[in-house]
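Have a look at these structures, which come just after this line.
Next come two complexes built around subunit A: one with subunit B, the other with subunit C.
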Partner chain A sequence: MNETCRVVAASVRAFDCAYARYTSEPFALGQMLAVREGRYLTFGVVTGSESGPDDPSRPLVPRGDPGQSAAAVMAGNPEIELLLRTTLEVAICGHVDREVARPVLPPMPPPLLAEVHAASDEEKVRIADEGRFLVPLLANPAADDAVVAAAIREVARAAGPEGRPFLVAAGKELARLLKAEPSRLTSILRAVEP
Partner chain B sequence: MSDTNTDPARPLGVVVGGSLTKGLEVRLDPGQTAQLGQYAKTEVEGGLSLLGMVTDITLKSVDSGPTVWPPGEADTPLLREVLQDTGVYTALAVDPYLQLGENGEEPARARRLPSHFSAVHPADQDTLDRAFATDGPSIPVGAPLGMDELEVGVDFERLFERSAGVFGKSGTGKSVLVLHLLDAMLTRSAAAPTNSERTVALVFDMHNDYGWEMKFQGPTTSRLRSLKQRHATDAELYTLESGAARSDGQILIGTRDIQPDDLEVLRETLDLSDLAIDAAHACRRRFGPGWIDEILADEPSSAVVDKLWRREPPEGDVNWSQVGAQMGYPGSLESLRRRMERLTRREFVRTEGSQFGDVIEHIVRSLQGGKSVIVQFGRFGNDLTSYMLVANMLSRRIWERYRDRTERSQEREAPNRLVIVIEEAHKFVDRSLAGQSIFGQIARELRKFNVTLLVIDQRPSQIDPEVLSQIGTKFTLQLDSDNDVDALVGNVAGRSGLRQVIAALESKRQALVFGHALPMPVVVQTPEATNADSARASLRARLGLPEREETSPAAALFGAPAPPGDGP
Partner chain C sequence: MTLRMDTVAAELPALIARHEETRAAAGAAIEGARAALREWSDDPVDASARIERALAGHATPYALAEDDPAATFPAPAPGPVTVVAADGSSITPDRFSTVRCYAINIGHAVLPYGVPFEPSLDAVAQVGLDGDLLEGAPDMRQAPRGLATRLLRDVRELERGVELALPAAGAGPAVLLLDGTLLPWDLHTRQASDEALAPYRERTVEALNRLKACGEPLSMGAYISASAAREVVASLEVLAPPPPSAPPLTDGDVFRGLLAPGERSALFHSRSGRPGRVESLLPGHEVALFYLRIDDDIARVELPAWAATPQQVDRLHATLVDQCERCEGYPRALQEAHEQAVISVGDRQQFERLVARLAGDAGIHERVNGKQHSKRRRSV
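Now for the complex of A and B:
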């Protein structure tokens, strides 16, 4: 996926980012993203992803012959891609201030139109800080169980051999945060390690 | 638990609640383990350390969630792992006992509480040394639970200045522990400059454990050198059997030596009724010191008849029924006669004479001369009547000698300290006998006459509570009955915790030691039964004595051999 994604709306809790056009392989749900511009490096987790026409009053009409793949239909109708766009919703879960990773909300939103990238494995592990990144993440209503589970899984994978200890530490952090919601805790942890 | 954390640098957990009277609640850190009886320390304000003992371990949940929605068998291991120490956790109950200062102040009873979230660590040797520091020598009693490399000692002087007890069910290691204590006593006493400074033991050795050798079931050693082998010149061995090997003398009792008071403790074993005891007193009053010989005769002697019917003797031959009726004990005298016949059938009881005076004289001379005396019962060890008769008679008379000497003497002439060692103590000092038994009296009088007890027993609940309360230091091995445990912890501070600790003791070589000689209770792995010289060297070091080279009997007689090449 070589398309550039940029911040199109931002607050200190969340930002929206969009590709210049439609992409069939955007950043995944729960993936940790980085905005490396502005005074602070801002990190967030994808909580939503949407593709559709730029103009809601002009909905996409189904095209293509029976048995034709989506890619083939797109290739046969290149004008359609110009009218479509993929946008993402991102919940902010931490920032880096003068090289210090902090799993808390940044003092200011990321700059509009700043490029959005996938966070590196090292960045993911630093920001996740043994599960503390779950505090700002869970504070965001958009971060549902699937998002939280996917985010934890993603960081565990990035941690490599330290993945299991991270899972346990993040799980304990989650248990503290969700002590009033044991059933939610259970369902998230079941989703983390099915 | 063998993997109990004893690394003082690694915290066991943090204080999350508690009180001085009910103990501290410590939340165990993830991955940590602890066990009942383990020592733990924490810091309190003013640079003080608080030393306590783990007296309970409980599983708790933060709220009802994890217990309402517990992870099932099919759940991922992660869920269980996460809930540990978050939704659920392990809590330690730690009873704080001592407050330790940094600058060598005396340990004091814990009077302050640590703040919330104070780290709790396993105690280290330095802390234990400060807590159990003694002014004089101490006897090592083993390693605190889970701290195999550490060692705790009890204050030698305080241990024997009041009565002590070793309690535990059969096979828990009572005898080996007692041998260890007596070995320490004799080792220390041998180094005392004068006899009056020596502490000596009078051991009533029911099962032939403390004389020449102790036989026991152990992993390596089946015979342990006992006191006579270890302290040949400081211990004397008496037996009830004639011709016993290695004996320094035989205990003989003449029928004239037995007083009605001596029969009081035999009520149960001889099945003597109150009336039979009264009859014995009446016989002693009427017939004099030879009363037993008189009533053992087939027919009443003329002397008996004369004493009972001074003016009007009955016509014809007088029989014992008539004597009993005349004395006011028609059936009881017959009953007493039968029991006296049974009693005097024993090899060591001699009729028509007094034998005991010489024995007593000899034993007292040995004891006050600084030697310990072991009375071995040989084949009479399984005969409780013999054991109780001899132990009671000897102890009563020796105690009277000590009492007389103490009352007559100036302080500098007071007799040395005597510790009387009795087994099956509850038979001597149960609720009905404690008033009459000499042992009840010795326990109650504390150290007034320089005589104390070391009691060994399996059923402490049967011992008179007043006597038990006078036992200063208690070594408690595993006990089965709740009544026995309750009797021992009695009104001791923190008794509910101690009860839990005793209940969790292992079946062998694990003891809770508490009372007069220790500043706080301690659960120890008691010393192993061994003949090893290294153990003896360690004991001497702990007792504050220099290492002594063992002298072989040949070397003692002929001197040490000259080193090679040192000849003419």
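Now for the complex of A and C:
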């Protein structure tokens, strides 16, 4: 996925980012992203993804012949891709301040139009901080059970051999945070299971 | 106060009834015109000579067919092609504004179909002071409001089309589409002097010359949906003069029953004895035209006579039909170029506010005249 994605709206709790055009393979739900511009490096988890016409007054008509793939329809109608855009919603789960990773909300939003990248495996593990990144994440209403579970799985994968200890730590953190919501805790833990 | 709907609603039924009467009377006139077309088709050489004898030297525009005037042509299958379209929108200098400036936004679409070329949808904007449009001809200031902006916009549309069509034609077959007439009618207006219009004419000729030099790989057409032109009708009226009571017909009325969907008419050449008509000002760029049926619409397609070889016309015809199928009856590339060009009411207000703010920052304060002031307050 080489398309550039940039911040188009931002607060200290969340930001929206958009690709210049439509992409059929945007950053995935639960994926941790990094904004490496501004006073603080900002990290967040994808909570939503939407693709459609850039101009909402011009709806996309379902074109194409029976059996024709999306790629073939796009190739046959070259204007379509230029009129669509993919946008993502991201819940902020941590930041880096003077090289110290902090799994809490940053003091200020990431800069508008800053580039958004996939966080590296090392960054994911640092920001997740044995599950403490779940505190700001669970406080964000956009981070539903599927998002939280996907984010935990993603960090576990990034941690490699340390994945299992991370899952145990994250489970304990979840149990602490959701002790008043046992059904939600169960739902997330089930979704985390491979 | 808004439009008095109670008044207009009461008058509309009678108006619609009158329209129906006119339409019924037009039916007979259309039959007469089609009979004249058959007569022309039976002996094209003799009929064309009669038309030319009758109308040569007259100001009435008319059309002569290249071959059989009643011939119809089905759309050829579309081949690989890059379709380029340019369209423009403008903000006319406001005489109430402290800083009288114009804005021109030229949108374009470059859409390759089976040709390895980069698609593109975008616009280029240009701003300038009212005085910039005079181009050394002070009498343009006396011309009707918007004339100079319109002229510049038309010329820029063509120039932008050239800038994009030439590289496209270098990569494979290409079609350049414009909206409206091929040659800007304002180039021959009597509302501005020859000296004022000359720079716009020169730029138009230069752009057309560059397109002409491109040769066979490039087709070009200016598309007029629901045209009200009546040049073919003028020729037919020579062969069969209509009764004095007949309503005026358009070429579209005549070709609607002749053309099946997707078909085009024969190629015609535009003629007129009117002195100073736009074509006479652009030597070497005579206009050819055909009519094209897209669903119930009879569109007029104008093209330079030098771009009317069979291969160029077939490519243009096939492309237009294919483009219209992609966009509910109007060429997709023109639609997208328009979408890129359009300056919305919001954009216009934002432009006006930006000019006023920047002028204010520069210490230029708006002189609010009485009419403007009154309109803004709208007090009771």
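The criterion applied here is as follows: the second predicted complex is superposed on the first by the 193 of 194 C-alpha atoms of A that agree within 3 Å, B and C clash if a C-alpha of one lies under 4 Å from a C-alpha of the other, contacts with A are read in each partner's own complex, and residues count from 1 in each chain.
Simple rule for what comes next: a residue touches a chain if its C-beta (ideal position, glycine included) is under 8 Å from a C-beta of that chain, and two chains touch if they have at least 3 such contacts.
Since we're looking at a predicted model, the values are computed, not measured.
After superposition onto subunit A, partners subunit B and subunit C are found to sit side by side with no clash. By the document's definition of touching, of the two partners only subunit B reaches A:Glu193; subunit C does not. By the touch criterion defined above, A:Ala101 lies against neither subunit B nor subunit C after alignment on the C-alpha atoms of chain A.
Contacts of A:Lys172 after superposition: subunit B is touched, whereas subunit C is not reached.
Within the superposed three-chain arrangement, the count of touched residues of subunit A is higher for B, of the candidates subunit B and subunit C.
Shared-chain residue A:Ala34: touches no atom of subunit B or subunit C. When both complexes are overlaid on chain A, the residue A:Pro182 reaches subunit B alone and has no touch with subunit C.
Touch criterion met: A:Leu83 reaches subunit C, while subunit B stays clear of it. Vectors from the Cα centre of subunit A to those of subunit B and subunit C enclose 170° in the overlay, to the nearest 10. When the two complexes are laid on top of each other via chain A, the two nearest Cα atoms from subunit B and subunit C are 51 angstrom apart. Looking at the complex, you find that subunit C touches subunit A at residues 109, 111-113, 119-121, 326, 332-333, 336, 339.
The touching residues of subunit A, when paired with subunit B in their complex, are 167-168, 171-172, 174-176, 179-180, 182-183, 185-186, 189-190, 192-194. Across the complex, subunit A is touched by residues 62-63, 65-66, 68-69, 71, 75-79, 81-83, 85-87 of subunit B.
Those residues of subunit A whose C-beta lies close enough to touch subunit C in the complex are 55, 58, 76-79, 81-83.
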